[in-house]
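Working notes, structure below.
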């Protein structure tokens, strides 16, 4: 089991953003988390990545509790994420963004960096090579020297995924990766997600684009008002009465 | 390779710095510590003073005193003086730059200033090393002339002034127990405080409270309320006149009527102007006494008033005397370039009678002069007899 | 002595609060710490002084004049030093630096215009003393206290009830949203800066009256305390500015009365450092402001 | 060449170099996006430590200066562990407050001699000229006096230190740590989620800034014979910040350029003494309005590099080059 959530609750002040949410993610599995806006999906990501601490409940990653770890440590353990609103290092190049993503896998310290020891140089070379591979993987290899902030929107999304992959995660959390993408871009994204799965990585996908969710995910978790209202394979979820109600209960999106 | 390029950049940047300085240096005369440029008969005297910033009030008085003296000396025609003013902003690095510029770019014969003791401790060693006579006109703390043989001052050190006023006040008001207040971020005041403390101990007066404040403070209610409950026979205050005036005002306001003995900072017409009636009872020892029945003092005050439309203070008076003393020494050497001779001539100045009274340098190049203990009465400095 | 020192503390504290009000108003709307506020305060004091002495105006007209002068300076500052920055995306550092520039400029301008000497209001205005059971309170102390509390209440009311006040609050909440809601944020910003500066100018006159020393560098000394209060009370919080100001004033006075007077100037910032560790959003700051953004 | 030996210019160059070192100290903390106004405080700790060690304990100068830096670093640890949690304006004010507290403590301690400051601090120039004299050059060479040789030696030593720090900063900026710093500066949260221990690196940058400021303080103490609490007050903190603001804080050359400019400018403007401060203030406002990123940024450097080498902008062979849009 890659990830296990048990009765996770998060309260802000007196308001519960998540109540008793629990599910698992198996190795190499793509799990979709869907639900209307404000259902608590991003809060879930923030809890898994240690940005927020749960009010109660357990979050286990490979049999290890994540609750007391800080975000950077959790990344090091093997969970990486992207953001709903892209958060790249805009004034740095695409390649640098990805190399930064590999920070926790690199070892060179202050003095090695200053004196450029042989190991340090070798490491830099290796990781830049790896970063280029990742840029190629997400399909923006030719943009490695462009500033991240200057890239078009779709490429920024891809770059963010490459940066997350650079930390060599076992579990990748994607927060609405298709937001703002056109149809063909979304199709490319779907292929990319499959490729990531083929690399043996598990993925949790928050997404509103139902086409993408239905085609990519092995399993879906549905949240509404902070509660899990359904879980299962996409086909079943599609016809689940509670899910339909949750989606029809609000205006068309 | 990269290392090389970095090296190159480092050198390039250093070069650029040097270049920047070179541009600045355009038109600078030949350097040298061999002596001042001999361009005729005018003696160039550099002045480093606190002309802008928080203490500009002092620098302004000094500048005016000096300019008045220069005009008078030049009118007499025995020696011709040229003053070159440089601002130090009261900062030591600026003061260092200023003296270096004056010595090495303007080739001055001698220097007057700087305004603050801290500045002098920073520039004194440099100037002394260069062999340029320098005279402080406003420095009262200990250890100034110990910097070196070329360092003079014509301002009376605290160690000479404060004991006189304390002793006189004790004798006059039968002091048994007193409180002391001083500005703890001002070197002059801290030095004054130490002398107050020492003198009081020597003459057996008990210090029942020591309170501090800081320059530019405006609220002294807490310290004075505390002191008022202790009922001292007098309060000793070491600070600058601005704070001193506010202390006097507040003290009188909350009903403290005892005499207030001050350090050199009290010695200013501004004290009376700002404190008004509250200044009555303030005591200070000073060689400068504007009410003195002396022709020189009277004509100085008249000339100063005519020129600047205000009363001169001790800074103006001491600066005025400093340049007069300098002029006498220059006249004696008969040279407007020989710094060594000027130093020796200065050291032997005796029996000069200026607006701050009879004047001579002692063997440590400090002034030896008479002190009058003054007390403010009805808004006037009068002699405390 | 305790009560008398308390009165001293409250008097001092209310002047701090008065200055902090201006800081906090600007911060609330613009998210800028206006480092030039102290200098506007100083200019207000000088203008008031000149009106009262050279033009023989009554102290209330002088106060009004100083407030107008403050508002004009505020307008100029907004126009020349803040607006050009708002047009482009700059770091939060930029307005800080820009206002430091304004403060340096104004201070040296004041030195040129008014001279370095400390000046004071003629003694007709000086403290009329009231004695109640051995405690001494001056008229100026009471006036300052009354005015700063009055201003605080008026400001709160004005912000809560009037149309313009509401626009200011909307702008403070979120400039973009306010814009969408049809608020002329440009106008609101200008008005806020002018209002804060007018308050600063008025404070200058009052503090000048209370402490009898008006000089070009007074801005930096008082500005520092105002800055301390700003943090102490929570950025952008009006009640916080008042309470923080009083607290700082009392703490300073008591550090002298019952502690060591030479550590007085460390009190303000010692306090702040301590507070920032315990409660980074300030005494009255909201949680969202924690640690900055 | 002769005028370069003019002590006025030599002194000015030493001030320029010391300010450039201070520029690097603020650059280091700013490179993680932390606006610290405490560097004047750290400078004072370095200056006092080094001065007192030489004056009272007879520690040789070359050991005292690094110890001053270490003392500043130690203090940075005490103050930094809590303050690096703060951000933006809060950090600025907290560190400004820290500087004030340090100043008040220095005013109150006996050993620091309060407001009177420390005078007769052993001079680096004297020490170096003694060293030179020991080589039998007491009479100077080629018309250059021993004192001038001493000053030249001081400049060389300072330049060497500056050179090393520039080298350090440049190497840092292309290393793993430097990238982490840049990431934190750009987006702290994203950096943390990318696996960067942001608190650790912010603290590290804070330490490095404090150490360099402490070194600068120690050097300044031994160049100017005298230090007092006034030298390290608010105006100094602002001045150090201005180096970075005027020059720019993207690249290490920025604060250095700012330091050079702001040291030379007051000297150039001496003729306009009374208006100097006003001009100074106006320059700041104009800078922020027209060039908030500072005079020197990545793109300026790239432009110059291209002009000088007439080569297109390409990446260093083994260092990733960063470029910024204007």
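Order of writing sets the chain letters: A, B, C and D. Residues in each chain are counted from 1.
What we mean here is this: a contact is a pair of C-beta atoms (placed from the backbone, for glycine too) under 8 Å apart; a residue touches a chain by one contact, two chains touch by 3 or more.
Remember, it's a predicted structure, so these values are computed and weren't measured experimentally.
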Farthest CA centroid from chain D: chain A
Taking the mean of all protein C-alpha atoms as the centre, the chain whose own C-alpha mean lies closest is D
Averaging C-alpha coordinates per chain, one finds the centres of chain C and chain D separated by a number of Å equal to 33
The distance between the C-alpha centres of chain A and chain C, rounded to whole Å, is 47
Expressed in whole Å, how far the mean CA point of chain A lies from that of chain D is 42
Where chain A touches two or more other chains at once, the residues are 116
Each of the following residues of chain C touches two or more other chains, namely 108, 111, 262, 265
Going by residue number, chain B touches two or more other chains at 2, 52-53, 184-185
Per the touch criterion, the pairs are A-D, B-C, B-D, C-D
Listed in rising order, chain A residues that touch chain D in their complex are 49, 51, 70-73, 75-76, 80-81, 83, 87-93, 95-96, 99-101, 103-106, 108-110, 112-116, 120-121, 123-125, 128, 145, 147, 149-150, 163-164, 167
Seen from chain D, its contact residues with chain C in the complex are 35, 79, 82-83, 85-94, 96-98, 100-101, 104-105, 107-108, 234, 238, 241-242, 245, 274-278, 280-285, 287-290, 292
The answer for chain B against chain D in the complex is residues 1-3, 6-7, 9-10, 13-14, 16-18, 20-22, 24-25, 28, 30-31, 33, 51-53, 85-87, 90-94, 96-97, 100-101, 103-105, 117-118, 121-122, 124-126, 129-130, 141, 143, 147, 183-187, 189-191
Within their complex, chain D touches chain B through residues 2-9, 11-13, 15-17, 107-108, 114-117, 119-120, 123, 145, 147, 159, 162-163, 166-167, 170-171, 224-226, 228-231, 253, 256, 260, 264, 266-268, 270, 273-274, 276-277, 316-319
In the complex, chain B touches chain C at residues 52-57, 59-60, 184-185, 211-214, 216-219, 221-223, 225-226, 229, 242, 245-246, 249, 253-255, 270, 274, 276-277
